[in-house]
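In the two assemblies presented below, chain A is common to both, partnered first by chain B and then by chain C.
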Partner chain A sequence: MTSSREAFMALLGKDLRTELRTMRSLPAMVLFAVTTFIIFRYGLDRTTLSGSLAGGVLWTTLLFAGILGINRIFVSELEEGGFDAIRLAPVDRTVLFTSKVAALFIYLAVLQLIVVPVFAVFFLPDWSALGPLVAVLIGANLGFSVLGTLISSMAVNSRARDLLVPLLLLPLVVPLMIAATAASAGLFDAAGPDYDGFGTWLLVVGLYDGIFLLVGYAVFDFLLED
Partner chain B sequence: MDDRPNAATTGAAIRLSGLSREYGDRLALRDIDLTVARGETMVLLGPNGSGKSTMLRILATLLRPTSGEVRVLESLLPDESWKLRGRIGYLGHEPLLYRDLTGRENLQLQAKLHGIPKEEADARIEHDLDLLEMGRRADDRVTGFSAGMRQRIAICRAVLHRPELLLLDEPDSNLDPEGRELSRALIGPAEGRTRVLVSHEPDRARAEADLVVTLDRTGGITNQPDETADPGDQHEAGAGR
Partner chain C sequence: MPYSTFSWKTETGPGSRFNMTGRGLKTLSIATVLFLMAGFALVFLWVPMDADQGFKQKIFYLHVPLAIVALLGFIAGGVEGYRHLRTGDRRHDANSYVFIHISVTFGVAVLVTGAIWAKASWGYWWVWDEPTLVSFLIVFLLYCTYYPFRYAIEDRDRQARYASVFAITAGAFVPLNFMAVRMAESVIHPRVFATSEGGLPDSMLLTFLVCFVGIGLLWITLVKTEMVGKKVSGQVSYLRRRLHDDGSGGSVGGRIAPSVEAK
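Showing the complex of A and B:
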């Protein structure tokens, strides 16, 4: 068997190289998020947001921008035969799962690196929340990447995958979004970051990540069968 | 009785017994029995939709049989399919190449997935690309290749890990006469190389076949030898057992 680390690096490198060359996912995700912030800014007619409203605007936007990336994460494997190539190779099939989770995590991190400062410029009078927000972003990204990869691998064979992914993903991601929004709400408090409940909600995010990582690892092999 | 020297011995490369495969209500393969010895070339003939590609995908572990026993390189499928990974070279209708990578990057990725050390992989890639006269275009993206060039790179991909068993689904498709000739060094008959070859060119395929199997439209082996057969040279599976 090929070492899983080598295979993981090879597959992740392939995905990142392809995205850098084609820019099929990230620009659309960034454009969607920035446009949504502009709509919220003028739609709500507010120059500052705080508390749960700020958290809600941020996470709703990141969720729907992320779905654009999830929809495409397995398309090249389906259309260009990657699934078959990996099934023929002496590698643990869950390597494909972990490499896709990592690729999606990196896409989301790059997205957030660009759009969270835009959110801060549009809506936050004080940027002191951004430091601790990084922990919530990392935790939520992991859960979202794991669930997104799992759902995308199930939907990719369907011609209606653009419809199926949100249909399957959104109900399952609700607990993660509630936890991430609640963890962020205190950070966006008008009086400055409030850490009451922050640790608890962060723990919920971590639990969600752990559960879906285990589920993904356990079932992904079966999802690749004919 | 089958009178091929190695066909009935233990260690056959492929042994199928009662193999059937259904797609929903449609029977794609029906009760197939056959044996291919190590080092032999089996040619699969038959009209479109007769199950040739399905049989190849089952042998490649990409598809599960619905019923029957399938042994490939002494591994029982699908339970022991993990034992076969890396031992089969599969060239299907799709080239299994990423369009936005270059030809060389595709081969390097394949080498990494098969755990080939970098120096050895680079040497093999150079050698195979040169054999198929693709060295000059190897650093171009696959998306800019013609169908024939894609097929040449796909052939390199299929044999890069030097498999024991080659499963070739119309390997000459899209290749010009020169490409067909060049590709023989990598996927043609060779000492110890077991091959299953799907072809729509019976005359050409028969020339290198040890065993010819003709499937009919119901997915079974037909007892009617192809009219182009030379009965002295090969064995018709349908008539022979």
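Showing the complex of A and C:
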């Protein structure tokens, strides 16, 4: 019996290698995000952003770009028989859940590594917010990956996959988006980063991550049964 | 109703007694009507006018019980989903579905009465500063996706399992969402339960409780009616299959028509 850690590393490595070779999700996510910034620039008619407007534009863009990746995270498993392989393999099935969460987390981190600096160059006169923003990004990514993996694995076996993922995911991530935008809004303050309430909102993000990590871990087994 | 035409497997063997009428449904309906009538009589004839809002406040006795019952129904749907996954008993999945279904229906009433109250109190149909109403809308939108999600899955076992997972996830989401939205908004709503005088007067509390019990009973009656309907249609399709091909093979339910081959 392979240990869970080995299985986890193998599955995560497989996902990352596939992504590196095929480039199925990440380039599309980055292109989408950058184009969305341009649409916001004209939609809002602003050349610089600050405060809650900056937070809103950044998180809306990251959310929708993320959905592109979430849509695809299980498609290869379905098409190439990855689900059957996992069912046959003598490993704990939740390993698939944790490895997909990790893969999605890495996708989102890479996306942000490219897109957040672009956002700063496009819209931010002052870049001092970017340091503390990393904490918000990590926290929100975790929650987003957990929920995205859960929803994507639910939707992948249905007829209307591409339609259902955003439909199910958007209401579920509203609390996460509230917390993430509220935490970032202060950081993007025109007069320099303002940490009022920053810790509380980070705590909400953490609580959200924790709850859905537990829920996902508890229910994921049932999504693989057949 | 595009989705009302499927049923759960209710495999009752020949000769088994099957409760087609829904035992206790009559008593329950009468109790519901009595409580609702008593509640509305108290609301319109007895309970004193609210000092701040006057007559408008009376929608409180409808709006708030509806909202509380709907939310409890959502959470109960999650609990039933959990029990379905634990036991594999399809009845729990049926319960989960019906609980969520009736609660979504109540949710429409909550949003409409909430909008009416907002219009009467503040002059706007929708007020973003009201965290409870906004949270309720988000929860309502989430549960609306339960139907397209459920019916996009072909396989019935998988459909039941996935729907249960949805019910559990959404059930955990309900309290979290209320907390997050409340934190994000400044609370300007007139809190009827906690006014500056300190809480609801006894007469209002009594009226509220009567209305709450009435609405709760209404929810239970509707759930029971729906369940009886599901059981009857399940029984009918079972009998129809037996009539045509001795009950072997064939699919259950009206959405996928049973394949009947002439012998």
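Here, the second predicted complex is superposed on the first by the 226 of 226 C-alpha atoms of A that agree within 3 Å, B and C clash if a C-alpha of one lies under 4 Å from a C-alpha of the other, contacts with A are read in each partner's own complex, and residues count from 1 in each chain.
The working rule: a contact is a pair of C-beta atoms (placed from the backbone, for glycine too) under 8 Å apart; a residue touches a chain by one contact, two chains touch by 3 or more.
Since the structure is predicted, the reported quantities are computational estimates derived from the model, not experimental observations.
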**Study point:** First (chain B), second (chain C), both or neither touched by A:204
**Key:** second
Check your understanding: When the two structures are overlaid on chain A, which partner does A:134 contact: first (chain B), second (chain C), both, or neither?
Key -> neither
Check your understanding: If you stack the two complexes on chain A, which partner ends up touching A:222: first (chain B), second (chain C), both, or neither?
Key -> second
Check your understanding: Thinking of the overlay built on chain A, is A:155 touched by chain B (first), by chain C (second), by both, or by neither?
Key -> second
Exercise for review: Considering only touches as defined above, state whether A:182 meets chain B (first), chain C (second), both or neither.
Suggested key: second
**Study point:** Which of chain B and chain C A:212 touches, first, second, both or neither
**Key:** second
Practice item. Answer with first, second, both or neither: which of chain B and chain C does A:31 touch in the superposed model? Key: neither
Check your understanding: Which of the two partners, first being chain B and second being chain C, lies in contact with A:164: first, second, both, or neither?
Key -> second
Revision key, fill the gap. Chain A positions within both the chain B interface and the chain C interface are 225-226
Practice item. Can you check the complex and tell me which residues of chain A touch chain B? Key: 1-3, 6-7, 9-11, 14, 17-18, 21-22, 76, 80-82, 84-91, 225-226
Review point. For chain A, which residues count as touching chain C in their complex?
Key: 150, 154-155, 157-160, 163-164, 167-168, 171-172, 174-175, 178-179, 182, 200, 204, 207-208, 211-212, 215, 218-219, 222-223, 225-226
**Study point:** Touching residues (chain side chain C, partner chain A) in the complex
**Key:** 85, 138-139, 141-142, 145, 148-149, 152-154, 158, 161-162, 164-166, 168-170, 172-173, 176-177, 179-181, 183-184
Point to revise | chain B to chain A touching residues, read off their complex | key: 60-64, 85-86, 88, 90, 92, 94-101, 105, 109-110, 112-115, 141, 157
